[in-house]
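In structure tokens below, several structures.
Consider the two complexes below, in which chain A is the common component and chain B and chain C are the respective partners.
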Partner chain A sequence: MEPLIRIRGLSKRFGPGCSRCLEATGPEQHTNLCPHCGSVMACNDVSFDLFRNEALGVVGESGSGKSTLVRLLHFEWEATEGTVEMHRSAGIASLPEIFADGSDYSSNLLGLSHFQKRRLRNALMGIVYQNPHLGLRMQVSSGGNIAERLLGAGWRHIGNMRQRAAELLKITEFPVERMDEPPCNFSGGMQQRVQIAKALSNNPLILFLDEVTTGLDLSVQARVLDLIRNLRSEFNLSMLVVSHDLGVINLLCQRTMVMKSGHVVEFGLTDQILQDPQHRYTQLLVASQL
Partner chain B sequence: MLMREWLQKEAQLRNDETPIAGYPFGFMDEGAKKEIRRSILKAVAIPGYQVPYGSREMPIARGWGTGGLQITLSLVKPDDVLKVIDQGCDGSVNAVNIKKFVATVAGVTITTDTRAATLIQTRHRIPEERMSGRQILVLQVPYPEALREVEPSEMETRRMHAEADYSRMWLFLYEDIVKYGEITISYRYPVTVNGRYIMDPSPIPRWDVPKLHMADTLFLFGAGREKRIYAIPPHTTVEPLEFEDHKFRTENFSGKACARCGATDTYLDEVIDNASGERRFFCSDSGYCDKRRLAWNP
Partner chain C sequence: MITVDNLSKTFTLHILNGKRIAACRNISFSVPPGGFLGLSGPSGAGKSTVLKCIYRTYLSTNGAIHYHSASYGKVDLATLPDRAVIDIRNREMGYVSQFLKVIPRVSALDVIMEPILARNGVSRDAAKKRASGLLERLRIPSHLFDAYPATFSGGEQQRINIARAVGWKPRLLLLDEPTASLDTNSIGIVLEILKELRNEGTTMIGVFHDTTLLASVTDAVYHVG
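Here is the complex of A and B:
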């Protein structure tokens, strides 16, 4: 089977950069801050494949580059280097030019214009942030938050949009009769459900989950995770699950990569990584799990 | 006395006056006029796009029509026939001041007849009579940015225009419908020009918005305080933002008629008589109203 997206050599540097940045940062040096020029290598030479209907976990400590990776792939930040290619089967009709040369994979998506990236994102991607304030407009109604994505994708029928929003909110177990209230009226767990409904509204192929359950109480956490697992099989989603909680990764993901100081230090099947961690840092991570 | 008669009297009084000495024709220096004409050309080439320009100081305050005035002065020729209206009225203070000023510095003829004019400057109305391809309508604009309601940052609104990222404007309308059952914008109704840019049509009532669509006339919009010029060239599509199940609609004056000329197909102003408390309606377009009265009572 061919991967849905191929990511090769993805790097993100904050700062001017110098010739010694690469050798002076990384897991061996325990830092991503270059002592010579002061640049931060948030992500360094990250390469992996994401397959269809797969949940790929990304674990690592704070500052290891997990969220940076998601923001690069969601086109929120510009990558310093690297390529992201998408398989033809993703079938994005509105952007035929990215498959111009007849090959199975698109040109480098990171080189597209802002306009093209926005259309690609609207057509294929959904994202759920740890903090609902990042993903939702708190003063706009919950239904409106979902409608915003549909409007971006060209929907122009109020009745149809409200019906779609109600369907999605029902799936995420949100009280549909309160869909015209703004998210700020609801608890964190409910806000997270609105975010998930919003992310699912355009039938995405790829869903980015950035620490979705951190900050929720345990019973809500379990229900949200259960929901995500069901949604993956129901909607055939590819998911990139970022978490520092190995329990979440264990529950959701088949494959996992471990990041430290901007580098991928270990990559493999989730079971394997949890049972038999190879890298020193992974061993520490697994051993310190409560 | 009709507005037209008053103007004829005024013209007779000033008959031998020549354009004021010490100023170039049309008040502005040639460099300024050239820059504004270039901005207008760019605006016409990209319908609905706001072109920045160096707004000059005018002898009226910013926010009183300086944007429209600068366009008028940069376009005016000695043989032009000028009409200036303020919310449809030829006789309001703002309109009279501007037309007197332009007549003084450019020596043009002034009219109240929409059909006779070659150049019309207007504040917040479009004349009722359909204009031809040989005429130009200049609209005064207080707030050129249609997205300002949803986004306060100029940098961000420019990015939104560049990427055609208009979902937030549509969301604003969606929320309006969810809250009130209909879109509550009464004037400054946002429109899509040429299928690309969302544009502020200046504070014209909804009634006038359909007149912009596939018109024969060139519409120029000038915002002096905000330093922007934009345009709708002739025969350009102009669509008000609407949903498939919530269509755009204009003001409804059914059952009402102008108390002065009896028109039932014009935009009407409601006037309440202070003494009797009686409500009466009059044409907002005073030039058209005068013309209709004259037609059946010459």
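Here is the complex of A and C:
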């Protein structure tokens, strides 16, 4: 089976950059900060494939580049270098121009216009952030948060949007009778459920989960994870699961990549990463688990 | 069906200054389709390591694991790309570990039904029937069917583990001390189930602690050590 998206040589640098950035940063140097020019190499030469209906794990310490990777793929930040190509089977009817005749993969999505990127994101992607403030408008009603996303995906009928929002909130086990209340009225676990409902509202092919259970108490964490596991099989989603919690990765992902100082240092089956880690850093990570 | 050729596994522990630990060395054997090979040897000889290399939980250091896959033809499990290994695990290759490692908050019945539903393309009712049939045979009390296995006794967990691995009738089954924590009665039932599975064509490689047991269920024994 061919990958849904192919990511090659993806890099993100903050700062001017110099000729010595590459050799001065990375896992061996234990830093992503170039001492010569002060640039931060947040993500460096990241390449991987994401397949249909696959949950791919990304682990690594704070500052390893995990969230940067998600923000690049979600078109929130501009990549410095690299290509992201999507398989034709993703079926982006609204953007036929990105597929050259006869080619199975699109042109480099990172080179699209802002307008095209937004359409692509609205049609195919969903994201759930660790911090609900990033994904939700806290003062707007919970249902309104979802409707806003539906508007972006081309919905116009208020009654239909309301009905769809209620359906999604029901799936994510949110008290639907309270959908007119704003997210700021709810607990962190409930806010995550609104975020997940919002992320699913456009029937995405790809769901980005950025530390979604970090900071939730254990019983809530367990229920949110159960929800995500069920959604994956129900909605046929491809997921990129970013977490520093190996337990979360083990529960959700078949394949995992390990990041350190902006680089991917190891890539493998999740059980192999956990039981036979190869890289020095992965061994440290696994040995540090409680 | 499967030929292990000069397999070695060495762990390099970076956190202990690159200390190297040889887990198994120069392992070679071959198992024909429908065969049952037993692995014998003292504790720490590397029997489980061999199984984990075949299942790819461990990356082999040297050697090859030639497997004749139903969907991929002849492959080397030591170097096959991850995605293909996942696919072969999902369609053909089962593994019974020494300890139960299941998803938390899933009932005993669902633990066994899940691979049957995902892999055998049968209806929910049929999967449920097969799963509960197995649990009954393995003498798991029916009031535990919808309880979470994490709360079960060691012996009960091990039986759930076996039921999960055999329920979907894999083509190749790796068994790591499947009877270690079971009483004599349960061992008898497990062996009977394994025998039936073999009659349906499953090839097996197993580690058993008990040497008489090993000799009675397998048709060849390879000594690791």
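Note that in this section the second predicted complex is superposed on the first by the 289 of 290 C-alpha atoms of A that agree within 3 Å, B and C clash if a C-alpha of one lies under 4 Å from a C-alpha of the other, contacts with A are read in each partner's own complex, and residues count from 1 in each chain.
The criterion applied here is as follows: a residue touches a chain if its C-beta (ideal position, glycine included) is under 8 Å from a C-beta of that chain, and two chains touch if they have at least 3 such contacts.
Just so you know, these numbers come straight off a predicted model, no measurement behind them.
Partners chain B and chain C fit side by side in the overlay (superposition on chain A). In the superposed pair of complexes, A:180 makes contact with chain B only, with no contact to chain C. Once the two complexes are laid over each other on the shared chain, residue contacts for A:141 go to chain B alone; chain C is not touched. Residue contacts after overlaying the shared chain place A:18 against neither chain B nor chain C.
With both structures placed on the common chain, the touch criterion links A:115 to chain B but leaves chain C unconnected. No C-alpha atom of chain B lies closer than 38 Å to one of chain C in the superposed arrangement. Contacts from chain C toward chain A in the complex involve residues 11-15, 52, 56-59, 82-83, 85-86, 103-105. Residues 114-115, 118, 137, 140-141, 143-144, 147-149, 151-152, 156-159, 161-162, 180 of chain A are the ones touching chain B in the complex. Contact residues of chain B toward chain A in the complex are 159, 162-165, 167-168, 170-171, 174-175, 177-179, 243-246. Residues 1, 51, 222, 226, 229, 251, 254-255, 267-269, 271-272, 275-276, 278-280, 283-284, 287 of chain A touch chain C in their complex.
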